[in-house]
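Here the structure is laid out as C-alpha cells; the discussion comes afterwards.
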C-alpha cells in the first residue's frame, strides 16, 4: 500500500537511512526526455543537511546512480531507477538506545506495525533521508511541468511566531521570486530571515527544536486540472504532502481563515481579461470544485518541531515495557523547515504531474 | 481518475444533483454483514437540508434503494450499489442563469474540464448532494469499524470567530460525547451553540454566508495502522476529506499550532499503562510516522462559507465571455458546517477502513 | 478487488441475475461524446438469449436506463452509470434446489468465497446475465475506438469438432467481414453455419451442451500500443476476456500451434510498404514484446460447454454435506458461443481502450 | 502502466539487459519473514542460461544484491529491492545491427512505443534477462505460499510435436513430482526428455529454433480464492503469465479441448470426501466462476520459438526505412522452454499470492 503512488506516472520509493541506500523508481516517463541532472542536484543540495548554519553536520553525499531507464543521456520510457547509496552513517550510535522509544519519532508505531522487525537505525525507512528520493523524483516532475511553464515559488513563511510576508498579500504576477531558489534561508522579506535564524539558534542552544510553516505557490497551472470526488487537487496534493515526515497540517488559499470569513469576503468574483476568465482575488487558492481555476495554486504546510531534541525525555523501553528516560545525543536540525522547501515542491510536483497526465 | 477510490474496499460514486439521482458502489465488503440501515438513515438525516433552523428548505428525501449486493438482508460480498433517486428538484431555476458563473462554485472549472458538456443544473456532479452517497458509504464503513470498537466524535468547533471547547483540551477517555450525535447543532459547550446559531441567522439575514471548522476524534483505533510513504493516515484521511465540497484545510493533532511550538512542548512522551504504551499528551493527533499510536486520532477540517449568497456578485457570462452580474435566488444554507459533520465522519471512516483492511 | 477494472477509463460492474438488475459504471469518458445507443442496443441483441433458434427462450428485455453521466444526449465526463433492470425472472425455480451444487457452475466456489451469503438465484452475481453490462460498456469503448478506425471482426470459429475458416488463413485487408455483424449465426464459410447449428440442435435434443471457440481480429490498431512487463496487450486482453464466464483458454496469433513451429516458420519478417513497416505474415497476432505491430490483433477464445444440462448429475448438498443428484430443469443455451461474440468484443474493446488511453 | 503490478503485494520491475542491471521491488511483505535465499538462487539457476546442453553459453552470474527491506536477515515490511548487476555483456555486438529490426523481437514495437529512445542493446528492457527479476520476486512469493502448503509442479509438456505425459492424466494426489524440480530437463516420462533434447539439438544445428508448452499444476490452493469480474484466477494468472516474453497462449484445465466436449463430459461432478466437497474429475482446472475449487489449478502455457535464429531473414532498416537482411550472430537458446519453468512458476506465484492476500 505504501511504497508506490501514482495513476499515470508511478513512483516507488525504497530504502533505509542506515542500510544500503535510498532510491526511487519513476515509471511511465515520456521517452526522449533529456533530464537536467544539475537542476536535480541543486534541489538535493537545497534539501541537504549542512547547507545552513543551523543544520545537522552529517555530511550526506546524496550522489545518485541511475540504475535503469536512461540511455544515451535520455529517458527511455522504461522504469527509471535512481539510487543514492548511504556512505556516512554510524549505525552503532543507534544500537545502544534501540529499545528506547524516541518521543515524536516513529520508533513506537514502526515497532508495532512491523512487529519489531523494522530497521530501527536512524529511523530506517521512516527517516527524513528518504525525502532525498522524493526530491529526485520531484525534480524530474518539475522539469516536465516546466515544459508547460508551470513553476514553483516557496518560502519559509513562519518559524515559531515569526512570520514572513505571505504570498497571499503579494501580486504574484509582478514578481518571479526566482531569488528564493538560491537563498540559503529563503524568505521574501530579507529582514525577517536573520530574525528567524536567530530564533532557531536560540532554540538550538537550549537543546530544543522549533516548528514552522512553508508557503508555496504553483504558477501557470492551466484551468481545468483536477477532479471532483475523489481526485481533487487538494486531495492529491495533500496526499503526497502528508507523506513528508513531520507535516501535520495543510491549507489551500485562505484555508483555516475561511472559517472566520463571510461568503461576500471569501468568494472570488470573476472578470474577463484578454478573453480569459480570471478572478479578482484568490481566496480559494486557485481551486474550485477540486479543479484549477488558472490562478496560482497556493497552500501552506505546517511542520512540527524536529523530534530529536537534546533534553532528557520520559519514555518506555519497548523490550522490557518499563518506564525509562532517553537523552538523544548527536547534532540534529533544530528546525526542519529550511530544508523542507524542495521536499514540499517535489511532493507537489509529483502530485500535479499525475493530475496533468490524467486529464483528457 | 476521480470516481473510484480505495485499495481494499473500493468506492465508486456517481450521479448528479438534478439528474436521475446519486449513488455509490461499495465493493469487497465482508459477506454476511448485517447492515443497520436505520443508523445510515440517521446519518443521512444529520446531513439533510432542513434539519436545522438555518438550513435550506429544499426537502430532499434521501431514500436509498439497494440495487445490488444485499440478499436476504445481508451483504453478499458482491458489489453493493445504493441509489438515491432525485425527487424534488426544479431544473428550470438553473436554465436561466446557466451561462453566469457562480463565484465560489465549480461552474467555471467544471466548464473548462468538461469542455462545456457538464450537467450545470444545481452543480450537477459537483453538488453537495453527492455527499449523501458519501454518507451512505461512510455509514457502512462506520458499522464495520464499530466491530473493532472504533467510533467517531465530531462537533462544530468554530463558526466565524466563535469557538466551542476543543477536544484537545478534554480528557476523551472520561466522556463518550454520544449526545453530540443526536443534537441538531452539536457543540460540546451547550451555551455556545445558540451563540453560533444567532451568528448564522444574522449572516443569513444579510443574504451572506459564513465558514467554520469541524473537529473530529476517532476513538479506539489500534496502534500500528497506516504507513510511511505514501499511505500515511494523514495522507489517506486528507485525500478523502478534501473530496468533500467546501473543505480548504485540514490539520492533525495540534496542526498549525505546532509551527509555534518547541520540540519540548510538541513531543508526546511515552509511559506504560497496564502493559500498554501510551503518551501523556497527544499533540501528534495519534499519528507518528503516518501510523496510529493507539491514542485518539484528532483532526480539524476547515470549511469555506457557502458559495451561494443572495447579494449581487460580479461575474462572467461564459457563453459571451463578457463581464456581467449574478444574483443567486432561492434559499441556501448560510453555513454548511452543521450538516458537514456526518460527511466528515463518512470520509474519515471510508479512509480508515481501507487502511485497516490493508494491514498485514 | 473484483468489481472495478481499468487504469484510465474505469469500469465498475454490479448486479445479480435475479435481484434488481445489473449495471456498470464507466468513468473518465471524454466529455461531449455523443453515444450511438442504437449500436449498443444492437450489440445487446446479439448477446440476448432467444435470438437464435437454439438459445434459451427466457425473454430478457435488456433495456438500459442511464442513471448518470449523460446530459442533453452527450457524455458529461462524470461517471456514467447504466442499469438494466431485471423483469422476467422466476426466483422460486431456484429455491428448491439451492443447496444442490450445480456441476460446472460457481455454486460451490461462490458458497465458499462468500461464506454462504451469496445470491444463489440463477447464479446471482456470477450469472452470464452480467455480460449484458459488459456489452454495454464495451459498446461505448467500441465507439471510442471507432474514432481511431479500430474495428472488430469476430466469428464462430469452432463448435465441437466443426471448424469455420480461420481469419489466419484470409487476407484481412481484402475483406471487411461486416456481414458477420448482422448474421444470427456468424461464420465466414456460409456452408458451415448450418452444420454447426445442426450439431447444437442434436446436442440439445440429448439434454447436453457443447463448447466452442470464438475467433476475433482487431483491425487498425496503430503500432506502439501496449507495454512490456506488466501491461502487454496479451496480459490486458486476456485479463478481461477471462472475466467472461465460461472462458478457459486464449491464444494470440498462432498461439498453441507455435509450440510445434520453428523460428524460421514463426518469425514474421519485416518489409517496407509505402513508408510503413509491415510484416509478410502475422504469426505473432500483431503483438511483439507486448506491443502492437500495426497488423491485425488476432486471438482465439475457448468456451466450455454450457454447464446447465438436462441430464441427472452427481452432486453434493452443501447444507447437509451429503452426496446427492441434481436434475436441472428449464431451457438453457446448449451452446454459449453464438451469443458470446459481442461479449468477447466488449471485453477486448474495454481492454484496448484502456491501453490506448494510457499511451504517451 | 507497465512496471508495477499487484493489489496487495506490489511488484515494480526495472532494468535493462545491457545497462547497469535488472531489479525488482516487492512491497508489503509480512515483517519478520525469513527468506530462504538459497531456494531463490536455485530457481535463478533453473532459469539461467548455460544450465542445459542446448542453452546459450553467456555466463550470467545472476547474483542479487538486496538494496532495502531486509534487516538482520529478515524482511522488515518496508519495500524490498533486489538488484542483479549486469557483468557479462558485450554491448558492441548490438551497435552494428541496431537499425536492423530482428524479426520476432520487440525491436520494431519498442522503437515505435518509445519513439526511438529505448535501449536497443540485447532487447534492453524487453530482454528475457528481466525474467531473472521475476524469478526472484516469484521465489519470495513461493515461500509465502509454501506456508499455506501451496506448491508448484511444472514440466516440459511439449517441444515441437513431441509430448510428455500430461498432468491431466495423472493422479496428482499420488505423486509429489519433487524430482522435476532438480532435473536439468524436467519431463515426467524420463524417456521423452532425451527425445526432446535431440530435437532441440537437431534444430539448433540448422540455426533454427523451436517452440513448446509448459504445463503447471498448483497444489493445495484452498477453495474460495479468486473473484468473478474482474479478478478471476484465470484473469490474474494469465495477466502475469503473458508478461513473460514469448508466451502466446494459455489454457486452464482442459482448455481448448473443451471446445470439442459436451457438458456431460466437461462438467466435474461433486462428491463428499471426509466432509470436504471434491470433484471426481478436474476438467475445469480447479477453477469455477473464477474461484478455486480446492482441486489442483492446472494450466498450459505456449511459448513461441526463440526469435533469435542464425539464418538470414528479411527485415527493414528502421533508420533508412529500406528493405534489408539480417543475420543474427552469437549463440542463443534454440528453445526457451526448459528455462521457462521457474519463470512460469514465478509469475503464477506472484499472481496467486496477490489473490490470496486480498481474500476476506
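Letters A, B, C and D name the chains as they come in the text, with residue numbers starting at 1 for each one.
To be clear about the criterion, a contact is a pair of C-beta atoms (placed from the backbone, for glycine too) under 8 Å apart; a residue touches a chain by one contact, two chains touch by 3 or more.
Everything numeric here is computed off the predicted structure, so don't read it as measured data.
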>> Can you tell me which chain lies farthest from subunit B, using the average of the Cα atoms as each chain's centre?
In response: D
> Distance-wise, how many Å sit between the C-alpha centres of subunit A and subunit D, to the nearest whole number?
Replying inline: 40
> What whole-number Å value describes the gap between the mean CA coordinates of subunit A and subunit B?
Replying inline: 26
> Taking each chain's centre as the mean of its CA atoms, how far is subunit B from subunit D in angstrom?
Replying inline: 47
>> I need the residues of subunit C touching at least two other chains; which ones are they?
In response: 1-4, 7-8, 13, 28, 31, 77-78, 113, 115, 125, 228, 358, 360
> Mapping chain-to-chain touches, which pattern fits: line, ring, star, complete or other?
Replying inline: complete
>> Per the contact definition, I'd like the list of subunit B residues that touch subunit C in the complex.
In response: 1-4, 10, 12-16, 19-23, 25, 27-28, 31-32, 65-69, 71-72, 74-81, 83, 113-119, 124-125
> Which bits of subunit D are touching subunit C when the two form their complex?
Replying inline: 1-5, 7, 11, 13, 101, 103-106, 108-110, 112-113, 115, 125-126, 130, 158-161, 203, 208-213, 223-232, 234-236, 238-240, 242-243, 245, 247-256, 258-272, 275, 277, 279-280, 283-285, 287-293, 300, 302-309, 311, 313-316, 318, 321-323, 355, 358-360
> Contact residues on subunit C for subunit A in the complex?
Replying inline: 7-8, 28, 30-31, 77-78, 228, 358, 360
